[in-house]
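Same chain, two partners: chain A is paired with chain B first, then with chain C.
Right, the complex of A and B next:
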């Protein structure tokens, strides 16, 4: 890009910003629900002035040069922010690409009588804008990955509560797929809790586990063995019909492990293992006292 | 040489491991313990490993060996107080110690031993009764 076009673009800065903003506001894909117009205007103005400054720098063609550093920072900030706000990849990259149209209009006016120069300038402008757009995409994806990573961490933290359902009985409702990393977290949480509460029975409820394959079963068996080594017995409950079918079809041996269909029956079994008897309380008082409940 | 003390409590032997077991110490313990079982005709062996924080496959095997040997000599072995990290390590090593009874602490271990021995006694009495 030569000095002339840089100067021409600089001279028309106000006009460019106006047309660019106009185009963006006209666009059906404008997300005014995610971002206010004034915010967009401010962002666009900042980007445009840094860009025009870079165009007039010595190495305007090279987007890796020092002149483009502020632009990189601005674009990084914009795309990470947009990734967090929930903009789609298309919306994010078209933000930078939409500037292309306006810039070529200005260049067209300036070099109307010199087609060769116009061609050269447009190509070089395209190259710069494309490379900036790629940069935007790259940071956008990076931003999204950060969001995904954070959510994964949060999920594995919140989804492994160990509940004390009775004196000496723990319950561990497992929700979601069990992979090696999660099994580790679940196992550690359970064993720590067994030590802390001195519980003799732990119920692993897998009604929230969508599928059980041989790997998941192996993880479950490992957890049960570890708890057994510490002196606690495990009961696996919440085994649905489909899961029972897959387990048998896969030839997984669960004969050494207590299994129950529901948490209720597992609890009943734990009571009998701990010699606890639960009985309905006898109705006290005169028979007429029932009327007090308003029946 | 360092030795781990073996205490006799009625019909049971109580071993509390307070140091990290190295191979030689573990072998000595195995030897001493089996000799003690034979000498005292103990009915139960309780091994407290709550202070042990590191195990390897050798340690796991020694525990399994002690249990099997005691069983041959008619004594039940209970391992109590295993740390979570130790349990996870043993499982990852593929050692589930299937012949060993486990309990959370010494108290529960004693209770378990008592019920086990009680069962044995009544079984034997029943056997004796049926002979007459």
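Right, the complex of A and C next:
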């Protein structure tokens, strides 16, 4: 991009911004629900000023040069923000691409009588804008990945609550796949809670684990061993019929670990281990009248 | 044997495993496989895909619905370009592991399916094919 076109674009800055904004506001894809018009105006003005400055720098065609650094920053910020706000990829990339049209118009006016120069300038402008648009897409995807990663972390935290079901009995319903990272979270949460409550029994319920393969079994065995070292006995409950068969075929040895089919039977077992007796209260009180529970 | 449907799934990271297991479940449900057979197939596949990720650095899985004597089944082929297995009979032994796992992945997977085939060339990669028929035999 030569000095003349950079100067021409700079001279028409106000006009470019106006037309560009006008096009954006006209566009059906404008998300005024996600972003206010004044915010968009400010963003666009900032981007355009830095872009025009970069155009007049010595290495205008190299988008990796120092002159483009502020633009990278602005675009990074814009696309990450848009990824988080829920803009679609098309909406995000068309933001930069829509500027191309306006810039072409200005160049066309300036080089009306020199088709060869016009062609050259248009090509070089296109190259720069395409590379910037690719950068926007790259950052947009990075932004989306961050969102996914955050959700994954949140999910693994949410899904590992340690519940105190009785004095001295903890229950840990595990939901979802037990991978190494989840096991770490589960194990830490359980061991901390064993210390905090001084519980003697922990029930690991795997009703919500879709697949129990040898890795999941290994993680379970490790968790049980760690709890044992702290003086708590573990019962694994929620072993469904099909999972039981699969574990046998796999050849996983769980004979050293207490296992139960349901959480209820695991609770019952813990009661007998702690010598707790739960009995049904007599229906009739001493006076012979029926107890009133308020309903 | 006729191939009724065919698809490919690349596996590169641990998150792909869940997607892959769900896809097998869909296929197995489609041909009317019982829950026990489904679970066995999914667990075997889970073992193999973990091996593929851990030792083979990821790879490609072919998922096929096949039919033999008008009995449908699911055939899965795991292809990786990892370091390969030096001694297959040893790797197929219960309790043998070069990593720190239980060493039940390969032999366990073999017990969970109807047909199991493993080919490996050191330095080139490993290909494992498993079949589980709808009725379980």
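By our rule, the second predicted complex is superposed on the first by the 258 of 295 C-alpha atoms of A that agree within 3 Å, B and C clash if a C-alpha of one lies under 4 Å from a C-alpha of the other, contacts with A are read in each partner's own complex, and residues count from 1 in each chain.
One rule holds for everything that comes next: a contact is a pair of C-beta atoms (placed from the backbone, for glycine too) under 8 Å apart; a residue touches a chain by one contact, two chains touch by 3 or more.
Because the structure is a prediction, the values reported are computed rather than measured.
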Where does A:6 make contact in the superposed view: on chain B (first), on chain C (second), on both, or on neither? neither
For A:214 in the superposed arrangement: first (chain B), second (chain C), both or neither? second
On the A-aligned overlay, A:99 touches which partner chain: chain B = first, chain C = second, or both, or neither? neither
Touching A:232 in the superposition: chain B (first), chain C (second), both, neither? first
Looking at the overlay, does A:191 come into contact with chain B only (first), chain C only (second), both, or neither? first
Does the superposition put A:246 against chain B (first), chain C (second), both, or neither? second
With both complexes superposed on chain A, which partner does A:179 reach: first (chain B), second (chain C), both or neither? second
Applying the document's definition of touch, where does A:201 land relative to chain B and chain C: first, second, both, or neither? neither
In the superposed arrangement, which partner chain does A:132 touch: chain B (first), chain C (second), both, or neither? neither
Which stretch or stretches of chain A touch chain C in the complex? 152, 177, 179, 210-215, 217-218, 241-243, 245-246, 249-252
Across the complex, what residues on chain B touch chain A? 79-84, 86-88, 90-92, 96-97, 102-105, 108-109
For the complex, give me every residue of chain A touching chain B. 184, 187-188, 191-192, 194-195, 198-200, 222, 225-232
Listed in rising order, the residues of chain C that touch chain A in the complex are 14-15, 17-18, 21, 35-36, 38-40, 42-43, 46-47, 50, 94, 101-102, 104-105, 107-108, 111-112
